[in-house]
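The two complexes that follow have chain A in common; it is paired with chain B in the first and with chain C in the second.
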Partner chain A sequence: MTADPGGVAELKFRDPGRARELTMALARLAESRERAPVTLMHVCGTHEQAIARFGLRSSLPPGLRVIMGPGCPVCVTDFGEVDEGVALALQGVRIATYGDMVKLPGSSKSLADAQTEGARVEVVYSATQAVELARATEEPVVFFASGFETTAVTTAAILLAGPPANFSVLSAHKYVPPAMEAVAGLPDTRVDGFLAAGHAAVITGYGLFEDFARRHRTPVVVAGFEPLDILAGLVKLLEMIRDREYGVANGYPRCVTRAGNLRAQESLWKVFEAADGPWRGIGVIPDGNLQLRKEWAALDARRRFRIDVSGLQQTERSELSRRCLCGKIMVGLVEPTQCPLFGRECVPDSPVGACMVSSEGTCKIWYQYGGRPDLGGTP
Partner chain B sequence: MPCLRPTCYDLGMCLGIPGKVIGIDGLEATVDFFGVRRQVRLDVVDEPVALGDYVLNHVGFAIRRIPESEVAETLKLFAELAAAGDDQDLLAADLRAELAATRKSEK
Partner chain C sequence: MSKLGDTVVQKHGAGGPAMRALIESVFVAGLGPAGAGLAAMDDGAVIPVGDRFLVLTTDSYVIKPLFFPGGDIGRLAICGTINDLAMMGATLPLGLTCAVIIEAGFAIAELERIRDSMRAACAEAGATIVTGDTKVMGKGELDGIVINTAGVAFASRVVRDSGLRCGDRIIVTGSVGDHGFAVMAARHKLQLQGALASDVAPLNGLVRAALAAGGDCISAMKDPTRGGLASALHEMAGKGQVGIVLDEACVPVRPEVRAASELLGIDPLHVANEGKAVIGVRAEAADRVLQALRAHALGRDAAIIGTCVAERPGSVILDTGFGRRLLAEPEGELLPRIC
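And then the complex of A and B:
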């Protein structure tokens, strides 16, 4: 099956009148700005997929840049975290993990490399499937869990539901709000407004961003994933910038509320606590990692197993991997096409950096949807 | 249909797909996704879910009840994505992964 281009066009302009209104509003707002260009950042791989797939950048006026920030949980999984998974796998422990994690390079090996050395690594699509694997055997099964808060709540739910004793979790879960904080505080990144990820906000609520918006004098708009949702979110951001309205607007009211999903938040914080931790390519993000609380020690792979990563971390990172610009791409400093490896040494089948591994990585999205997707509007 | 081939391993970490609740058994619901029946868990969703409700689902869990009046456009988009996507289409692949995260319905 191949994508039907006619279908894509129809989707993009399902309501052509509304799309035209929105792109005209964007053009007017961008034109009326004294100081150009304006840079808006979204922090979600699904937003980038939709922007690239539906060619939204071609509708942007000159002087308006839309860039992706650290919106890919697999991409920011640190080398050390991958090393832990690889070390456990090479020790003979069965690993269950999400598919994107398998090819993710560690210091010297990925889980895929461990597989070729005989380690047992199984791909699951949900935490529930990881628990089912454990139920079907007596031997230990470690769920190497990644994802932002939207996914972390499901890991919390299976722990609260009482998994079997041979099950444990190696958490690489990350928490988005502290990463937005870190990006907004970077001296080299000037972001004029943030488009917050709709489905993370389903859990946390949009109220969470109010203090952030005030402190950084940067408006935040929560947006859904449909092309018109995204265009409407960008229009709202430009209006708020024009009016110096440093607050939060909810552009996704059918799914997001101010308080969010309180039941999910309660489960999340019952199981996890925020901890400082390194994000790949970015550095240590205060409170950016979600680690299991002490009360869950029995189900925490880090406390349950002696994980020795020293053998994996002795080798120097390869010359290629040192030239990878993933870190700068993830904070919006450069675009994938500015990386000398993009599309040459680094492609989805043999990725150098994490951004080319995950379906939510900026580089993979740009590569898959045709290199530099419709950047007509950028300066 | 969920694609389980290696090229389809990608998993959108925040995609979420809408479906209609057609059965409830304790903490599990049978949900209709564009004609495919799957089981999803109700541990995470915060509002009481009833037959006929629409829910937004992520990695096998309902995370939010969506008012029916607001779901129509979303459903159309997802149904087309589900039908149109090839393996290179990341958004469509993530959608298939979301379906693969749900349990098959016995009934």
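And then the complex of A and C:
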């Protein structure tokens, strides 16, 4: 990228002429299907950003639906996990976390609420920055870490590098492949193909999805994030569905290999292990959480502190949050515009649900890009 | 969205829906009387004098930092008022006023620098400051300096920001996003490559050229300042009750602005300009007006960027080249994504 600021790379992946060829191919493939509509799911906020930003849905044929699944790590961070962070913060422990986590509602309070009550919550832009914060002080600093396996690797790296003794991690890291299993197995969701996130596959490798695709008889295409990457990925998925080819295709070969980044995988699993855990709005995902291994107990905030969340839990959810459809939106059952709160009671300034909090949340993205990404018939 | 809350917050000044709600519910409703010009919420007031119209406008200027690549608060204070007059069709300013409130401790050398750039901007615009006022407040009672300018000028035909009709073409007089990104980079000390510089400039000469070429075919004008092109188009679409289809590929954006916008995650259509105008023109005159603009030094990159339609009145439909979506109006302060 640095060698070519806005030049050839942009022309190559943002060429409207080639996009038209791809959308025509999509229309032909969708038309030739006997069973319509076909539903394709992606599981990544960055894919949704690109789809909404470029208005791609308005160019899709009527028989093709592209929906976002559980692709926003902040959105699926469970109430209980937020409560742990808030409880620690209210106990006086300094918390370092990513910006999107601050406004995320817990059972009764967010970290932002804790802040107004005097708790110290600092926004960091990287795991390294959280360690720097700990190095600059004697008192305990807890890094409330969120993100999928891509981000978890950076948390693993700082632990392997030997952080100071006053540093520990409260992990809310999540692992995407088990969530894809869960969504593929949901009775109400009929997903005909998955568009997998290119940057996650850089680490995990596309080979990871081969078994999944076979077992669920659902093709998977790994795709990048430029509009042409996405359109080409959708074309490939429709071709694989037509040919009953239940395997994995690599649509992002300029970055992704079959094996992935072995060193990163080694770091990830040296520090973390997969464990069953609740995902907000979805339920318990077997092996969906990444928790610190026992060997890292000294750096695990859950083992180091007594975290008392009892004061934060509410038996009654507010009337507003009961009407929130985030859970259904996150598994692709409904679209943001079908939620009665979207753009009315629920806006980025005062979000009701998690999907309106994070820049990777479906609702926030739709709101940011005009709220209606499907202007098919407009002249 | 229209609920105001108990206190004024930052977004009430950001140029978007929250600011319009504040002005409408506190000032327009409370200050009337109807017909005085406030209710139109245009760039300035229009007072009939004989068969002509006296256009009057006022604006206060605060900006951080005071000095930024391409300009400073002094140049901004002159150009902003000249441009508000010009957007109403009043391009020959009779005189400007200038009121300055300064924080004790402000360096005289900086004040002189600001004065010099006000003088230079006046010379470019063919305007003079005819009266003024100076106040000093205690240290900490305001942040550095606040400048207010007002201007008066005659217009033989007033151009409103509400005059768009179906079929009209939308012209922007040059690249968008230059001012917003230059100030943002300076404010947050972002180490960005390329020569980001504010476009702050007096547009009365350029607008005069457009009016001479387009005459009655110029249907609406607005300068896309706070809230950027997106806010200006929303306001024009709303007041004119038309939809605007914006062709993104036609909107001029300089490569350094494009790069900064991709990096920071901020849309160039959402950030302020201080030297650009959005002009609505009847279709038959669009090319003529475009040629006149391009012949002027400040309009070389002018482009036809959109068309007014009957569908979705009040909305801006963005054609990205890959598909279409509604363009959202920015709300609140735009913060760069630093990661």
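Everything that follows uses one rule, which is that the second predicted complex is superposed on the first by the 359 of 379 C-alpha atoms of A that agree within 3 Å, B and C clash if a C-alpha of one lies under 4 Å from a C-alpha of the other, contacts with A are read in each partner's own complex, and residues count from 1 in each chain.
As a working rule, a residue touches a chain if its C-beta (ideal position, glycine included) is under 8 Å from a C-beta of that chain, and two chains touch if they have at least 3 such contacts.
All values derive from a computational prediction rather than experimental measurement.
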item	value
Chain C versus chain B on the shared chain A, clash or fit after superposition	clash
Touching partner for A:Thr150 - first (chain B), second (chain C), both, neither	first
First, second, both or neither for A:Gln368, with chain B first and chain C second	both
First, second, both or neither for A:Ser126, with chain B first and chain C second	both
Contacts of A:Gly283 with chain B and chain C, given as first, second, both or neither	neither
Partner chain in contact with A:Gly92 - chain B first, chain C second, else both or neither	neither
Chain B versus chain C as contact partner of A:Ala19, first or second or both or neither	second
Which partner, chain B or chain C, touches more chain A residues	B
Chain B versus chain C as contact partner of A:Arg57, first or second or both or neither	second
Contact residues of chain A, present in both the chain B and the chain C interface	14, 53, 125-126, 359, 368-369
Of chain C, residues touching chain A in the complex	1, 11, 193, 245, 249, 255, 258-259, 262, 265, 309, 311-312, 317-328, 331-332, 337-339
Chain A residues within the chain C interface of the complex	5-6, 14, 16, 19, 52-59, 125-126, 227, 231, 347-349, 359, 367-373, 375-376, 378-379
Residues on chain B engaged by chain A in the complex (per definition of touch)	2, 9-16, 27, 41, 43-46, 56, 58-61, 63-64, 66-67, 70-71, 73-74, 76-77, 80, 84-86, 88-94, 97-98, 100-103
Sites on chain A touched by chain B in the complex	1-4, 7-8, 10-11, 14, 44-46, 49-50, 53, 72-74, 98-100, 102, 123, 125-129, 146-148, 150-151, 153-154, 157, 160-161, 197-200, 202-203, 224-226, 254-255, 261-264, 267, 358-360, 364-365, 368-369
